[in-house]
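In structure tokens below, several structures.
Okay, so subunit A shows up in both of these, paired with subunit B first and subunit C after.
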Partner chain A sequence: MTAMMLSLLFFGAGALAAALPGRFRRFPAGPLAAVLGSAAGLFSGLACLLSGDAWDFTAAWRLPLGYVHVGEDALSALFVALISLVGLLAAVYGHGYLGRDKGDGKKATSFCWFNILMASMLLVCLARDGFLFLVAWEIMALSSFFLVVFDHEKPGVLRAGWIYLVATHLGTALLLVMFLLLGRGGDLDFSRLGASGATASVVFLAALVGFGTKAGFAPFHVWLPEAHPAAPSHVSALMSGVMIKTGIYGLLRALSFLGAPEPWWGWVLVGIGVASGVYGVLFALAQHDLKRLLAYHSVENIGIIALGLGLGVLGSATGHPVVAALGFCGGLLHVVNHGIFKSLLFMGAGSALHATGTREMDRMGGLMKHMPVTGAAFLVGAAAICALPPLNGFVSEFLVYAAAFTCLSARASVWSGLAVIAGLALIGGLAAACFTKAFGVVFLGEPRTKLTACESPRSMTWPMAALALLCLAIGLSAPFMAGLVMPAAKLLAPGAAFASPVAIAEMTAGVSLAAALLAGLVLLFALLRKRLLRGRTVRSSLTWDCGYAAPSARMQYTASSYAMPVVGMFRLLLGTRVHADPPEGLFPKGASLESHTEDLMMRRIYGPVAGVLSGLADRFRLLQQGRTHLYILYIVLAILFLFLWNLAG
Partner chain B sequence: MIFPMLHVFLALIASPLLLSVINRTKAFFGGRTGAPILQPYLDIAKLLRKGTVYSRTTTWIFRAAPSVELASVMAALAVTPLGAIPALLPFQGDLVFLAYSLGLMRFFTVSAALDTGSAFCGMGASREVQFSALAEVALLVGLAAAACLFRVFSLTDICRQAWAAGPVSWEGGGTLLLVAASFLVVLLAENSRIPVDDPNTHLELTMIHEVMILDHGGPDLAFIEYAAALKFWILGSLLVSLALPLRFADPLPDLAAGLIGLFFLAVTVGVIESVMARLKLVRVPQLLVVAGVLSFLALFDVMR
Partner chain C sequence: MQSFLDILMILLVLLNFRLLGASQLGTCVHSVAFQAVIIGLLALLPHGLAPSWTWLMVGAVTLVKAVVLPGLVRRAMRETGVMQELEPFLGYTVSVILGVGLLAASFLVARPLRVPAGGMTQVLVPVTIFTMLTGLYLIIARRKAITQVLGFLVMENSIYLFGVAFAVEESWLVQAGVLLDVFAAVFVMGIMIYHINREFDNIDTDRLSDLKD
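And then the complex of A and B:
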């Protein structure tokens, strides 16, 4: 608890110090405080997870509508540890990332909001009172909004910020409804919240939409692909890696108030999971913007998390403890893993963006030679997000698969199990397509435009290297990681409906043994190859292009052409618009091809609805025309009306 | 323990032989004598003794990829059973590991192809990821059907149970036949055989797998060819285990039956390649979707 308080103190002090004016701004107080605070938070979270000591604290003073009641149990600790870990590395990275060409003042302001965001995210996970939770939730939304609009002078950034602000407040509105339904007597302390019967189902739906908007469940995901690319890369890493996970935390916390779940909650979660997963990966595949691609992949991975949690809920609702254990463990571990590899990928994208000055993949290429550390780290992240062994993504997806296969072999909830397996298989194959595209087009081959790229400074490469090592370490230590998330999973499956962890221990032991074998074999064959080539002639030459001796970088497959077959296969869903101006005549002057894939939900649902709403709002413009004397008239009329009403009453 | 090791050993020794059987079958249908039965071994030995040439465009990814490919296919071999012969390293859920380590192999093949910066390699890579995404669904849903049928989900248990019933009282035979039909398509697609891909043609535009490895040479190419042979063995073992329940209740004849099954499969693939032409590329996804549908039907058959 002391460590946690210290952590919040550091963040508060950092925010204040960063907000100081003038010459104080040269000293990097913001990043320093963020690092110290995150380290303390990480210590607190890990200590709670490893020792199992939960704590609970109620301050003597009270807020207007509730108490300052905070606490840390296994579920909070898991999220606290993840937020702190990613926050620490993102702060170091951000110090290097913003340090180059932005002014000190702007950087300090950004780190002021960064510290506030970190503190509010931790407070969201620690709050044990509905009012405190909502206050922290709102601070989190606002501070991240200010971080997103950091580059507000660039076109499109403010629009992205507004979309985010509107989306997050629509979500918060539903959370208000949820807490009102849960706190029946007006008392919002978590220990006394509860609902049953139909109310519980309404609360579940409100939580699903409210928290799902933050988490990025399709179809409430529209703000993600707008806001994440607009933000500076370390902020994208923090938002995509951990901030959206507070939505998952909130959903799980809400489930813990509701007692025994209904089976259909699990079905809904599985359905949302498959929809988000497939939708996210398909739209990611159609993107040309590297950071937008990564943002859509967050939608996909949130879908995978939802699949795990859905099976967990289903397992505890239908009395299949092994399914519940595997599902919850898989979902929670994927929360951790996605936090790690997604922040790694956003940092890698940030480095590439910094080096090339563009987010368009079709203008990049060949960065690996100029940026070896960034390239290698991005490769690890890309392989991990495709759930390839021996990296961390495989462990969590394996647990979700195992939950689904347990459903099938126990002949319980077979259709959900089938949906999860088929969904994950399709997502996995398409994710591999998407990340070979992202990695291959950006880092491999020949540069598509003239490059002056060089490797980023150490403050940017080391956090990436650390995250890449973590990906490998988690991939090789499956039993330990399953044990780490187990206490949190136990909190989610109420009562005794929880399996003995033997089955999970056996499976994860098999996974880590197989992963270790794989890693060992890679080393063995790499050495064997080196041994074989020793003393032989190894020449360099041109790439073989069927005898053509002057290949140019423009002949390479681009990101668009690479993804074209899959995008074409799903064109009905994606609705990609192509403007082609083909070469004509014997001596064509010029030709061009442009393709653009707009979000389906944005195009078909939110866009039109927003259009209708703003059309309606236009009608009220009659009342508001900027004339002061009219406004005074309104005030007088209102007072008169109230007088009359009072007289009549 | 001795028989799993024997199976792995045989796979390591004899997997190139299966490719040679396919080629001899094709030669027979074409009225030719065909290459010597040891030709794949000679090719690999020749490549292992050579030096190599690297494109100036490539990075260490291109150099590391063949080692990673061979390692991942060998890791997949460790969880592959052959009929009643268990795998070397069986665990519940190993079928996911098998699918995903083959995924790792593909990830590096494709990355190495993109590393060359050649339009041909990019074209092959693009097709490969499209087809494999569909094949993966067919594979995993087919395995799910088998898992549902036998109420276990490790490959070793599934294959042992598939052979336990014996050929006479074949319970769940319909399901297994559907899964086997689906897996045959997956096997042809994943191993770049006709009707999905043509391993023989030297016109790069018509190829998928061959065009991706155009730039590799020397020991690297030997690793890749050997890994391809092992991959055929692995997917072939799954197919044989599910489609040919020839239980003898004694490991040695079981192993022999499995090997004969694999040999028979190689002949079948040779026959398919001899009597069919490669499909038009736009037809290939349809074929793979049909394989997926067969897998789904198998699962519906279990739940009926």
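And then the complex of A and C:
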């Protein structure tokens, strides 16, 4: 508890120090405080997870609608540890990323909001009172909005920020409804919240949509592909890596108020998981913008998390403790894993962006030669997100698969199990296609445009290296990690006798053993190659070029041409618009091809709805003429009306 | 006594009509000042003629409203050279006719209200409402910023009248707070009008909307 308070204190002091004017801005107080605060938060979270000591604290003074009641149990501690870990590395990275070229003032302002965002995220996880929770939730939304619009003078950034702000507030509106339903007597203390029967189902749906908007579940994900590319990369890493996970945390916390779940909640979660996963990875495949691609992958991974949690809910609703244990463990572990590899990928993308000045994959290429550390780290992240062993993504997806197969073998909710297996398999395949594209186009081959890329400073490469090592370490220590998330999973399956952790430990031990063998083999081959090459000259030449005499860098596969076969297969869903100007005649002069994939939900649902709303709003312009006389007349008429109404009533 | 009160009430109503029908701003300022004096008298009547603490307070308040504030408005008129409301949104004849309608509405509204008139005349409440509506009408229907300030002052007068009706004993206490606001507002408005006039060569409020967006 002391460490936690110290952490919040650091963040508060950092925000204040970064907001100081003038000369003070040269001293990097913001990043420093963020690092110190995150370290304290990480210590607090890990201490709570490892020792199992939960704490609870109620301040003597009260807020207008509730008490300052905070606490840390296993579920909170898991998220606190993850947020602090990613926050620490993102702060170091951001210090290098924003550099000096943006100006000290702007950087300091950005880090002021960064500290506030960190503190509010931790507070969201610690709050034990509905009012405090909502306040922290709103501070989190606002501070991340200001971080997103950091480059507000660039075109499109403000628009992305507004989309995010609207989406997050619509989500919050549903959360208000949820808390009103949960706190029947107006008392919003978490220990006294509860609902039953039909109310519980309504609460579940409100939580699903409200928290799902923040987390990025499929129909409510539209802000992610807008806001993540617009934000500075360390902010994208923080938002995509951990901020959207507060949505998952909120959903789980809401589930813990509702007691025994209904089976259809699990089906809904599984359905949303499959939809988000497939939708996210397909649209990721069609993108040309590296960071937008990563943002869609967040939608996909949130889908995988929802699959795990859905199986967990199903398991505890239908009385299959093994399914519940595996599902919740898989989902929670994927929360951690996604936080790590997605922030790594965003940092890698930011490093490439920093070096080349563009986010268009088709303008990059061959970066591996100039940026070996970034390239290697990005490769590790890409392999991890594709759930390849021996990295961490494999462990969590393995647990989700295991839960689904247990469903089948136990003959419990067979269809859900089948949907999860089929969905995960499809998602995994498409994700591999997508990341071979992203890594291949950006880091391999020859530079497509004249770029003078060079490796980023150490403050940016070290956090990436640390995250890449963590990816490997988690892959190799699967039983330990499963044990780490187990207490949190136990909180989520109330009442039911929980499956023996031994089975899960054995399963994950097998995974880690295989991973260790694989890593050992790779190492062995690398050593063997080095040994065989010793004393010989290595010559590099062109790859086979089909006998073509004058190859150029423009003849490489581009991002769109590589993804073309898969994108073509799903063109009905994707609705990619292609403007082709094909070569004509025997001696063609010029040709061009442009393709553009807009978000389906944005195009078909949110866009038209917003159009209708703004059309309606335009009608009210008649009333708003900008004349003070008229406004006063409105006020007088309103007063007279109320007067007469009161008399008549 | 009662008839004297009624005469004051009739005077108030007539002054309101004078405000509605006058094009010369000087006339309007004069009317507002005269209204302030009448209302001051109304506040004193329940206390009898013996000099007291209340006399001092009401006297000071009336002095500010009947002399200082109209003086400020007159100064703004002199500085801007605006003496007349030339093109109101609604003409003077129409205004007077609408004023009759407002007076009728005030009586209609006031009857079921049953506000305790504090032993004063029965028409106090309707006349108060009518004065308030007149002030609002001036703000809405006139173009010059100075007329709007006058409308503001008329409204303030009517609020004071309500004070007389409700808080018979300590009406100046309610008044002091309101007056402070109005004094500051008129002071600021006077300065504003001067500067607006210097920048834009007119003080037509409807043309201030050119500044919007």
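Methods note: the second predicted complex is superposed on the first by the 632 of 649 C-alpha atoms of A that agree within 3 Å, B and C clash if a C-alpha of one lies under 4 Å from a C-alpha of the other, contacts with A are read in each partner's own complex, and residues count from 1 in each chain.
Convention: a contact is a pair of C-beta atoms (placed from the backbone, for glycine too) under 8 Å apart; a residue touches a chain by one contact, two chains touch by 3 or more.
All figures in this text were calculated on a predicted structure; none of them were measured in a lab.
S.K.: By the touch definition at the top of the document, which applies to A:M368: first (subunit B), second (subunit C), both, or neither?
M.R.: So A:M368 only meets subunit B here.
S.K.: Report for A:L647: first if it touches subunit B alone, second if subunit C alone, otherwise both or neither.
M.R.: A:L647: touches subunit C, not subunit B.
S.K.: Once chain A of both complexes is superposed, is A:L633 in touch with subunit B (first), subunit C (second), both, or neither?
M.R.: A:L633 contacts subunit C only, not subunit B.
S.K.: Looking at subunit A, which partner touches more of its residues: subunit C or subunit B?
M.R.: The partner that reaches more residues of subunit A in the superposed model: B.
S.K.: If I apply the document's touch criterion, which positions on subunit A are contacted by subunit B in one structure and by subunit C in the other?
M.R.: Subunit A residues touching both partners: none found.
S.K.: Under the stated contact criterion, what part of subunit A meets subunit B in this complex?
M.R.: Against subunit B, subunit A makes touches at 365-366, 368-369, 375, 379, 383, 386-389, 394, 397-398, 401-402, 404-406, 408-411, 414, 417-418, 421-422, 424-426, 428-430, 432-433, 435-437, 439-441, 444-446, 503, 506-507, 509-511, 513-514, 517-518, 521-522, 524-526, 528-529, 532-533, 536-546, 551, 553, 555-557, 561-566, 569.
S.K.: Quick one: which bits of subunit B touch subunit A in the complex? Just the residue numbers, please.
M.R.: Those in contact with subunit A are residues 48, 50-59, 61, 63-64, 66-68, 70-72, 74-75, 78-79, 89-97, 99-101, 103-104, 106-107, 110-111, 113-123, 125-127, 129-130, 132-137, 139-141, 144, 147-148, 150-153, 204, 214-215, 218-220, 223, 285, 296, 299, 303.
S.K.: Considering only the defined contacts, which subunit A positions touch subunit C in the complex?
M.R.: Residue list for subunit A touching subunit C: 625-629, 632-633, 636, 643-644, 647.
S.K.: Help me check something: in the complex, which residues belonging to subunit C touch subunit A?
M.R.: Listed in rising order, the residues of subunit C that touch subunit A are 89, 109, 112-113, 133, 136, 139-141, 205-206, 208-209, 212-213.
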